[in-house]
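The same subunit A turns up in both complexes below, where it pairs with subunit B and then with subunit C.
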Partner chain A sequence: MADASIIPAGITGMFDLLSPVAPGWGANLLRGLVRSLQIAFGAFGMGLIIGTFGSYAKLYGGPIARDLAAIYTTLVRAIPELVMIILLYYAGTDLINRILEGMGYQRVDISGLVAGIVVLGFVQGAYATEVLRGAIKAIPQGEIEAARAYGMSPVLMMRRITLPAMLPHALPGLANLWLISTKDTALLAVVGFSELTLETRQAAGTTKAYMTFYLAAGALYLFVTLFSSVILESVEKRARRGMPSVKEAR
Partner chain B sequence: MTANVAVAADPLQPGAAEQAEAIHIENLHKRFGALEVLKGVSMSAKDGDVVAMIGGSGSGKSTFLRCINFLENPTSGVIRINGEDVKMVSDGHGGQVPANRRQIERIRSRLGMVFQNFNLWQHMTLIQNVIEVPVHVLGMKRDEAMAIGEQLLERVGLSAKRDVYPAYMSGGQQQRGAIARALAIQPRVMLFDEPTSALDPELVGEVLKVIADLAKEGRTMLLVTHEMKFAREVASHVMYLHNGIVEEEGPPEQLFGSPKSERLKQFIRTVS
Partner chain C sequence: MSNVLGETEIEVPIETFPIHKEKDASSLASKLPPHRIVLILIGLALVASAALFMRWDWLPQYGGLILQGLWRTIWILVVTVVLGFLLAVPLGLAQASGPAFLAIPARAFCTVIRGTPLLVQLWLLYYGLGSLFPQYPWIRGSELWPYLRQAWPYAVLALTLSYAGYEGEVMRGAFAGVPKGQLESARAFGMPRFTIFRRIWLPQAIHRALPTLAGEAVLQLKSTPLVATITVVDLYSVASRVRQDTFLTYEPLLLLAAGYLVITGIIVMLFRRVERLIPSKLG
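Take a look at the complex of A and B:
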């Protein structure tokens, strides 16, 4: 540690600092990146599940389901994410422990990873609800009607018709949500979860090489985004397989 | 009737069921809010019958067809499909809804509906559209469904479009594909809801020809149409609807040859 802080400057020093082996902080950053990605994946996935139910509730649900979904999306989208995260992280874990104690169980230590996924997933779900609701509304309703007319059960229709048919309309919005999800993980730094941003702050604070580490972190976030774009593009291409190119219709 | 001979020859409709009642509807009412679209319509179709429903726009003929497979819930009336009474319960707002979703799904999977706007599933190729219901609703083996599907595509002249997505097909091709999709479920009755109304004039003929062939081989059909000449040629029974009631009905020669009601006379004059 000590000799790492002696060489704060110089190009060789920079690579030494970022080296993944012992005196360098590269391993810490990569560990933070992996944690960030785990959270982003989990939160995005949870957001998709909540979003699917939320959009179905809003479009097809009874009055109670519709109202609940409306309250959820309105509140979550109204409150700043940072506030939401602090609130859910501390209040949420406290609430669970109180319930457990009330039922006569021991307090549990909720893992930062699980808490992070749940908190961010809850936020993502509200946005995903709206993205998916719009996408389902964009399906030509005749296709849904045909599915009903041929005796599909609601679950089968969702799996075979509604979800695949709405996917091309949802993907641009979902791609946004995924990228937001990768970056929102940085907000978890405020509750002490050592994801990429917090790891970077610790490395930078210890070595005083702020520029080096924050640039490195920025490059890692950028790399995630670029890699995601490639994947998302091919997913969208596949989802739009039955649709003529937009350019042709111009 | 020549149709009966063809019925016996059709492997999908065994001779034992010949002349059994496929659809029986009594005193059907349908109300949308204050608007009563159907004011007590009754009909019955035996196996091999081709019933054509004609009438002006707003006469209720499409709504009637959509009530038969419960795309619309009738407000009141008796619906019996394949000899099975559909059980309805009150929805608490003066209407009624099917009591048993599974019964409706079962009935629907035996009625081959063909829509005005084709409504093929855009994210599936043509053959995938055709085998979708046999495989996923009726539980047929995929290979078997494929074999039947390919035969059907050949029959509607679309073998070459097997792996094409609907968006890349003409309206006439899509509608013939939609007919193949309906036939793939081996339906007891085919329901056609203005199958040529959304087509360019030059594409109407190819679709009508497919439907006429089906009629000739004795397939039971209910056809809502604006094509009077066609209705006269293929139908065994014609119903003229006006303002939600059956104004006149009978064999096509009688209905078109010597219409009794003044309205029908006028209607025939304006559309032909």
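Take a look at the complex of A and C:
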């Protein structure tokens, strides 16, 4: 007897619940998806910036910079993302506000979006450091030596030689990182940021149609993953043009 | 995804006679240059100041609970890694050399698991399946019902499937990477197919996958705190409870992070030891 109220009556009921207009919850899910993608993009970009500095510190830095980079990557990669997120999200905002108060400023409300991007970007940075370090080491080192022999400044050398030459080696790892970044946004649901997973949870909790909404959210995440892997594959093919195929070399 | 903590380490060949003994002393000195000693001292000072100036008086009160949570975390980790690996072997085998009607579902399973967040999978199983089950009287009447009402079977199921999905992909590569000649010579010896699999194919595939397996085990440890979101009391959820009870922000989280660091170190060490058991030659 409970069936009719708990399970939405067949497929039509499912589509009613997922429709983007008012009684359906589709619009909420899509809004959550957009927020998730914003955070994923931001975190990935921030991770790339941190990763570039981190890999340069690990490869060319002085002894102290090298050790600090090693501590950063080891710690971040050993502590669960969820713990890092809680630690940085609550403790980080609390710390910033305490510092601001100590300096005599007002407390600020840090928006969930910014906090999410910074937290996930910090985590992504550690992985990106390793990916980019490996990619730079995969460049034939003669190219870098030649650039140095030409008297290029480090910035010019990075722009003209290192970054373009390492790109094909870095892309598989970076593609992986992007996929991790889209999936890690789900963890922000635990700290109450309303991205796709939390929107799903709220929709499911209100309508009691748990299966429908979680399957829909899974489908959305899967679509993002598959869509980006198609794009990343073609980007990698373009970056590798003219290089001998890895498969044939094996 | 692969090498978490995988700092490249040069394999030291085993010496039958300790010829290079005097090198050990200098390697210690080269590992501890002055700047590193200063960094270690700063680290120790940070730890000491955390121990002295932060509040740790809650520790004895929650000691038992923390140990219980630690045990639960390790238990879930070990069970899901073992079960997930057992599931990953057929998944990898089906993709590497199975017929299409096995390979396609296996590939689809791995893609779906790897393409969706673990948190969504976990909540789908716990809230989704958990809300469907009570509607069927035969499930409520079955002997499994007392277990299905608890949270941990869903946690174990979700983490096992997730590990199997990621590891199935790794095992596919490992199975495909075993040289063809090995299998052909086994067949030439007249071994039955299952014996070939048991004696030749599986051991060599596991050997190939071992470094990745270590990384995946660390990743699995890092996913265990998610089970706290479905009310399983693991190490992470003990820390959140301490935070709620005592209104302390930093202390439980720092202790938690330290705990995970130690477990990660132990996992990496264990796998390194297993890897050393297998004789290998760098070609």
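The definition used in the following text is that the second predicted complex is superposed on the first by the 238 of 250 C-alpha atoms of A that agree within 3 Å, B and C clash if a C-alpha of one lies under 4 Å from a C-alpha of the other, contacts with A are read in each partner's own complex, and residues count from 1 in each chain.
The working rule: a residue touches a chain if its C-beta (ideal position, glycine included) is under 8 Å from a C-beta of that chain, and two chains touch if they have at least 3 such contacts.
For clarity, every value in this text was computed on a predicted model and none was experimentally measured.
Undergrad: Should the superposition on subunit A be reported as showing a clash between subunit B and subunit C, or a fit?
TA: fit
Undergrad: According to the stated criteria, A:Ile79 is in contact with first (subunit B), second (subunit C), both, or neither; which is it?
TA: Once the two structures are laid over each other on A, A:Ile79 reaches subunit C alone.
Undergrad: With both structures placed on chain A, which of the two partners, subunit B or subunit C, ends up touching more residues of subunit A?
TA: Of subunit B and subunit C, more residues of subunit A lie in contact with C.
Undergrad: Touching A:Ile99, do we find subunit B (first), subunit C (second), both, or neither?
TA: neither
Undergrad: Given the touch rule stated above, what does A:Ile231 touch, subunit B (first), subunit C (second), both, or neither?
TA: After superposition on chain A, A:Ile231 lies in contact with neither partner.
Undergrad: With subunit A at the apex, figure out the C-alpha centre angle toward subunit B and subunit C and round it to a multiple of 10 degrees.
TA: Once the structures are overlaid on A, subunit A sees subunit B and subunit C at 100 degrees.
Undergrad: With both complexes overlaid on chain A, does A:Val34 touch subunit B (first), subunit C (second), both or neither?
TA: A:Val34 contacts neither subunit B nor subunit C.
Undergrad: State whether A:Leu215 touches subunit B only (first), subunit C only (second), both chains, or neither.
TA: second
Undergrad: Report, in whole Å, the shortest distance between any C-alpha atom of subunit B and any C-alpha atom of subunit C after the two complexes are superposed.
TA: Once the two complexes are overlaid, subunit B and subunit C approach no closer than 15 Å between C-alpha atoms.
Undergrad: Please give the residue numbers of subunit A that touch subunit B in the complex, ascending.
TA: Where subunit A meets subunit B, its residues are 140, 142-143, 145-153, 156, 160-161, 164-165, 167-168, 239, 241-244.
Undergrad: Which residues, counting only subunit B, touch subunit A once they are in their complex?
TA: For subunit B paired with subunit A, touching residues are 69, 71, 101-102, 104-111, 113, 115, 117-125, 132-133, 136-137, 165-168, 185.
Undergrad: Within their complex, state which residues of subunit A touch subunit C.
TA: For this pair, the touching residues of subunit A are 2-3, 6-7, 63-64, 67-68, 70-71, 74-75, 77-84, 86-87, 90-91, 94, 130, 176, 179-180, 183-187, 189-190, 197, 200-201, 204, 208, 210-211, 214-215, 217-218, 221-222, 225-226.
Undergrad: List the residues on subunit C that touch subunit A in their complex, please.
TA: Against subunit A, the touching part of subunit C is residues 1, 3-5, 7, 33, 35-36, 39, 111-112, 114-121, 123-124, 127-132, 135, 218, 221-226, 229, 236, 240, 249-250, 253-254, 256-257, 260-261, 264-265.
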